[in-house]
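Remarks on the structure that follows.
In this document, chain identifiers A, B, C and D correspond to the written order of the chains, with residue numbering beginning at 1 in each.
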Amino acid sequence: MSTFSSLCRPALRCLAGIAAVAGLAAGDSKPLTIWWAQWAPADGLQQLSEDFTKSTGIAVKVHQIPWSSYQDQVFLAFGNKTTEFDIVVGDSQWIGRGATKGLYLNLTSWLPGAVDLKAQNPQVLRYLCEYPGGSGNYWAAPCESDAVGFSYRADWFADPAEKSAFKAKFNRDLAPPATWAEFKDVAVFFHRPEQKRFGCALLTGRGYDSLVMGFQQLLWAWGGSWGDPATFKVTGKLDSPQAAAALGFFKELMAFGPAGATNLDYGKSLEAFTNGSTAMAMNYFAFAPGIAKQMGDKAGFFVMPTQDGRRTISLGGQGLSISAKVPVERQEQAKKFIAWFLTEPVQRQWITKDAGFTANTAILKSEAFRKAAPYNAAFADSLDSLQDFWNVPVYNELLAAAQKRLGEALDGVKTPAAALTELAKEHQDILTDAGLAK
Amino acid sequence: MTTAAAPGGGGRSGSGGWGAAAVVAPALILLIAFNVFPLFYNLILSFTSAELGVEGWTWVGTRNYQRVFERPEYSAALRTTALFVFLAVVCELALGFVLALALHRRFAGKTALLTALLIPMMLPPAVMGLYANLLYDGDYGLLNQIISGFGVAPPQWRTDPAWKLTAVLIVDVWMWTPFMLLISLAALGSVPRHLYEAAEVDRASAWMVFRRITIPLCAPLLALAALLRTTDALKQFDIVMAITGPNDQATQTVSALLYQGLFADGKVGRGSAYACVVLVLVIALATVCTRYLDWLARRQGRGA
Amino acid sequence: MTDHPRLAVAGLTKRFGAIQALAGVDLHVGRDELVVVLGATGAGKTTLLRTIAGLETPDAGSVAFDGAEATSWNPAARDVALMFQDFALYPDWTVRRNLEFPLRAPARRLPESEITQRIAWVAELLAIGHLLDKPSTRLSGGQMQRVALGRALVRRPRLFLLDEPLTNLDAKLRERLRLEIAALRRELHTPMLYVTHDQGEALAMADRIVVLIAGRVAQVGSAEDIYDRPASPEVARLLGHPPINLIAATASDGFWRAGDGTPLAPATATVGSRATIGIRPEHLAPNGGPRPAQIRVVQHHGAYQVATVAWAGGESHVLLPPEAALPIGTELHPSVVQDRALIWPG
Amino acid sequence: MSAARSWDERGAWRWLRFVVLAGYAGIALVPLLWLALTSIKAATDTTSTTARFIPAAESAVSGAASHSFVPTAAGWTGLHTPLPGSPATFLDFLLSSLIIGLASTVAAVALGTVTAYGFSRFRIAGGKDWLFFILSTRFMPPLAVVAPVLLMYQQSGLTGTHLGLILLYTVFNLSLAVWLMKGFIDEIPRAFEESALVDGYTRTQAFFRIILPQARTGMAVTAVFCLIAAWNEYGFALVLGGQGAATVPVWFAGLQGNISGVPWPVVAAGAVLFVTPLVVFAVLVRNHLLRGMTFGTVKG
């Protein structure tokens, strides 16, 4: 019976599509629709929203779209006269585009009154919700706050034989590395390709943004930057010797990765770790619950290492933005949902869902949260070090250029310095062309 | 010019007029609406700041075109495409022709073998591109397991920039060699037998027969095959998307770059300018192709 | 009863691009006659037939049936049967289905019993009863011709139009079938317009012959009229085997003389006027003439022989009795049978 | 005895031919075989670093280095499992593909046949120029029209509808359909329908009773080509199909970004299910394939 109904659904949808074209718009019984990428937190949000439906009678549907096409599908949908979604859980970089192109509803006058913003982590608020950063103009409310961190093989690190071998070689205890130099030592130590064991898996994928997210933490830590956010001056910053040194170090680490280490997207990095071959793997904490489930005690988590005492971490996660292209009454329902979602009791529920990472400082700081899952402490410790890539409207061009040029450096097509010099020039061009750089 | 058919004269075959126009009009209107109109629309967009999802455009003059010629990615994508098309067509043609030579003679099971060889051509490139990732995987991929079996260190197909384009190319060659094989077989079949018999009488060597008879007589059809494949290979998008995604320096063909610009960056105006630049090349090629098809059809019509 | 002809064509003109297919054709077919349109390939015969059938629209002129103006009628309304040169039988249909097809036309709405009856009638008439359930692709040429004819007959149209229906058959079959067709037509009393380039068919079948040359009617008449009194050298050339001898002549000394002075026929025209003289080979006696002629080629035709001789400044055909054994090079002295030379001044 | 025959008798040539054919057939067909095998494996067997290609009962499978695997239908039943966060299963996408593929094929063949008939039987002003216009649209790269088409569709609400893709695929196949059908209809003698006209049928009746039955083969061949194109198309389906009219190629592409890795057995099962009908159709018309690929210039 279910087969039959599942076969019928698209047929009905087809008819509905034709009917819509003919101007026979269907009745307004559509649930409040949220679009998010296809991953565990979206499942959590769907479960959580049942409480909202119970208390308000408003049905909520969290529609998940594969990561590979999520961005494209969202912006394609914004091209339509109206969007299928009322709320989009948009990536942090999108906010400039959403804010300035009339896609996201401006929440500046509503959000501070409806949500206790002081309770939110200021870094998260700045990057996920404000545009321009620090301007006090809000276009989103925090949904999933995320950071890049590391998972490691706790069982290997605890193995007495490994411990003594490490001590003999490096004259210190084998432990999750605190600095990038230590990180490299550990990677070298565990890298044994003949046994199909590899030192580390970093984010280097050439798809959407994983290489940039993987590398920029080193860029900042080494003292480099993508450019001056005030003047949009890039040349002289992105092509600095510090940046080249960071990229050079990042490239060196490729030698201690699994086959294809120079092109690992989030899924591949995850796979390298969960298939049991890699000692340390970089990824967003949002994947940590999955890792913990699959690997159990074998997996541990640690915060991004430091360089010269500086710890900088790529921000991840998404904010809840309301589509500017849906009717006002739907926008009001959406606001109701957002306000409800960000109340503390709901946030306390949120953290019980897989990868339901809140931005609520009080919850994050609580011992209960830190102890609730093996990765929570590392996540909480990461938040104050978060930074983000450019979130200007042309972020995607900047991202695409960076992915390409950094990739060329990893592939050995260009030296790190040459790749960064070219990238700086391209970024400067893009920002100038967009009318941002003076 | 034809005259309108007399009323009531609906049965006349020679007459043109409104009846005939009504028969062909729907197709022509559709083609104009979905091909000609968009082309002009595209041309207009190329002079604007149009963006995906953003209402209202402003005229920006030739700024989009300036960027097309200034920025490195455009010429890089053109070079990548040219290299890809050239390698794909040459490999497929050579392989297809060699296979056709081997398949040309009658033997038991020929039809079954030929049918099996033709299958890859009918498969969806997007799906085969995705599936290729399983075969290409550096760790568990079947291809590298086989290569390692020969004691050779296998390449990293999907991560080594020197091999990425090759990885795309192999899938394309796998899918489209059957096309070249089929046309080559037709070409070989069109060589009149009496020429071979005459050569036999003249005691010509096999190589001479091949060079002086087989190659020249097959050439027109092989050229057709190469032209058709060239125009198709220019559109290559599905396999690139599946194996490397649209934004990889090593495999960014014009289609991939355009996808990146239009749908990821949302820059419709600039993408349109780029499409116009590429279109000039495609129109030139299509013109050659249609003329050639016409010539070939007339040549066939004469009973060649 | 008025006496309008079954078909009357007036001033019919049709042009295809640069080609003038019909240039003002006038023609009529009576209520019970077989008119043959004779013309060389490209003379416009098929266009004429197709225009009458309604498959082509004329540029000018009119077509009328029984006095009713029908130029703008569509083919179905004309109630004529057209038999195509290559029969146009539908492949993978049986003979029966092919025969039934015209009867089942929506315009006709015949009852089933009538259809059965007519098929039986035509099958007997043409002796094709044993073929009825065969697919039409499995018939011999002669059988296909009969079936095609049957498809035309079964309709009982007001007029038969036949477009070189015997061309694709072998010679023997052709000769037999043309007589059969003429006989059948007489039996049915339905008029027929029969188009051919074959003079033999025209002479054997026609009640009346219409000679079509370059889209114009060159002459209309009975077989004897056309053969004995052709209106022009072009018409004369269309009929007769071996072909008529045509010689350019000039009047002098009371004779039409060829270029070399050979006298061909008595002339009353003024000296120096020119004419084309036509002499049928059977009207050129081998001997008795003033000028010698050497035999170049001799062809045996059974009942007679045809000698090609060098005569009157050119080559002419002379008939010889079958038993005459004259080697090449033999000298003859051809003479024109009295009053049988045809003279076209100009 | 022809020269060709005498080469055959030289053993070296025969061996070379055999090696070339066997070699290529092996290389070309192994991926297809592997695809079929993958569809009956468990997920872990598909990504094993030792290729597993021997189906075996459980007891026979031993160790990581084994080449055996236990066949399972998990990949096939997986086609019935909805994607996370969406009610759609593979079958929903397949139905979408079916609706779009069949409707656009029927439309393209019907329109192509009628148009080809018009060009074949009537003198149409500028007829040859129009035909070459139609041919030239085949070479139009999709990228030259995708942005305007997207904007047109977004304005008219055709994105995410089956109708939108049906229209688009119909138009894209029209060029080939008209040219192919013109070749086939040109081969049907005019006398067939003319004799029907004279026998009392209208032109429309003659078209349906005489031309269409005679053009059956041509229509079947054209349909196969249109179906292949519509069935396999990915770019426009991705951009215009949205969530409402996503076809199977889009479903496959979506799996690529799957965080938990690509479910290879499901992919393989889906691929086998998806390509089989097309391959069967194509094999049925294989004798005419050539004609379709060369716009009828080469009689297949």
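One rule holds for everything that comes next: a residue touches a chain if its C-beta (ideal position, glycine included) is under 8 Å from a C-beta of that chain, and two chains touch if they have at least 3 such contacts.
From a predicted model like this one, the values you see are computed outputs, not experimental measurements.
Fewest steps needed to get from chain A to chain B, stepping only to touching chains, is 1. Set against the C-alpha centre of chain A, every other chain centre is closer than that of C. Of the two interfaces, C-D and A-D, the higher number of touching C-beta pairs belongs to A-D. Taking each chain's centre as the mean of its C-alpha atoms, chain B lies 57 Å from chain C.
Our note on geometry: chain A versus chain D, Cα centroid distance of 38 Å, whole angstroms.
Our note on geometry: chain A versus chain C, Cα centroid distance of 92 Å, whole angstroms. Among the residues of chain C, those touching two or more other chains are numbered 54-55, 74-76.
For chain D, residues that reach two or more other chains under the stated contact definition are 47, 49, 150-151, 194, 197, 202, 239, 253, 255-256. Contacts with at least two other chains are made by residues 10-11, 13-15, 52, 137, 139, 263 of chain B.
Put simply, chain A touches chain B in their complex at residues 68, 71-72, 75-76, 78-79, 97, 101-103, 206-207, 258-263, 394, 396-397, 400-401, 403-404, 407-408, 411, 413, 426, 429, 433. On the side of chain D, the complex with chain B involves touching residues 1-4, 6-8, 16-17, 20-21, 24-25, 28-32, 34-35, 38, 46-51, 111-112, 114-115, 117-119, 121-125, 130, 132-137, 139-152, 167-168, 170-172, 174-175, 178, 190, 193-194, 197, 202-203, 228, 231-232, 234-235, 239, 248-249, 252-253, 255-256, 262, 264, 267-268, 270-271, 274-275, 278-279, 282-283, 286, 289-290, 293-300.
Of all residues in chain C, only 50, 53-55, 74-76, 78-82, 84-86, 88, 90-91, 101-102, 105-108, 151, 155 touch chain D in the complex they form. The touching residues of chain B, when paired with chain A in their complex, are 51-55, 67, 70-73, 137-139, 156, 158-161, 244-245, 247-250, 252, 260, 263-267. Here chain D touches chain A in the complex through residues 47, 49, 80, 83-89, 91-93, 95-96, 99, 150-151, 154-164, 238-239, 242-245, 253-261, going by the rule given at the top.
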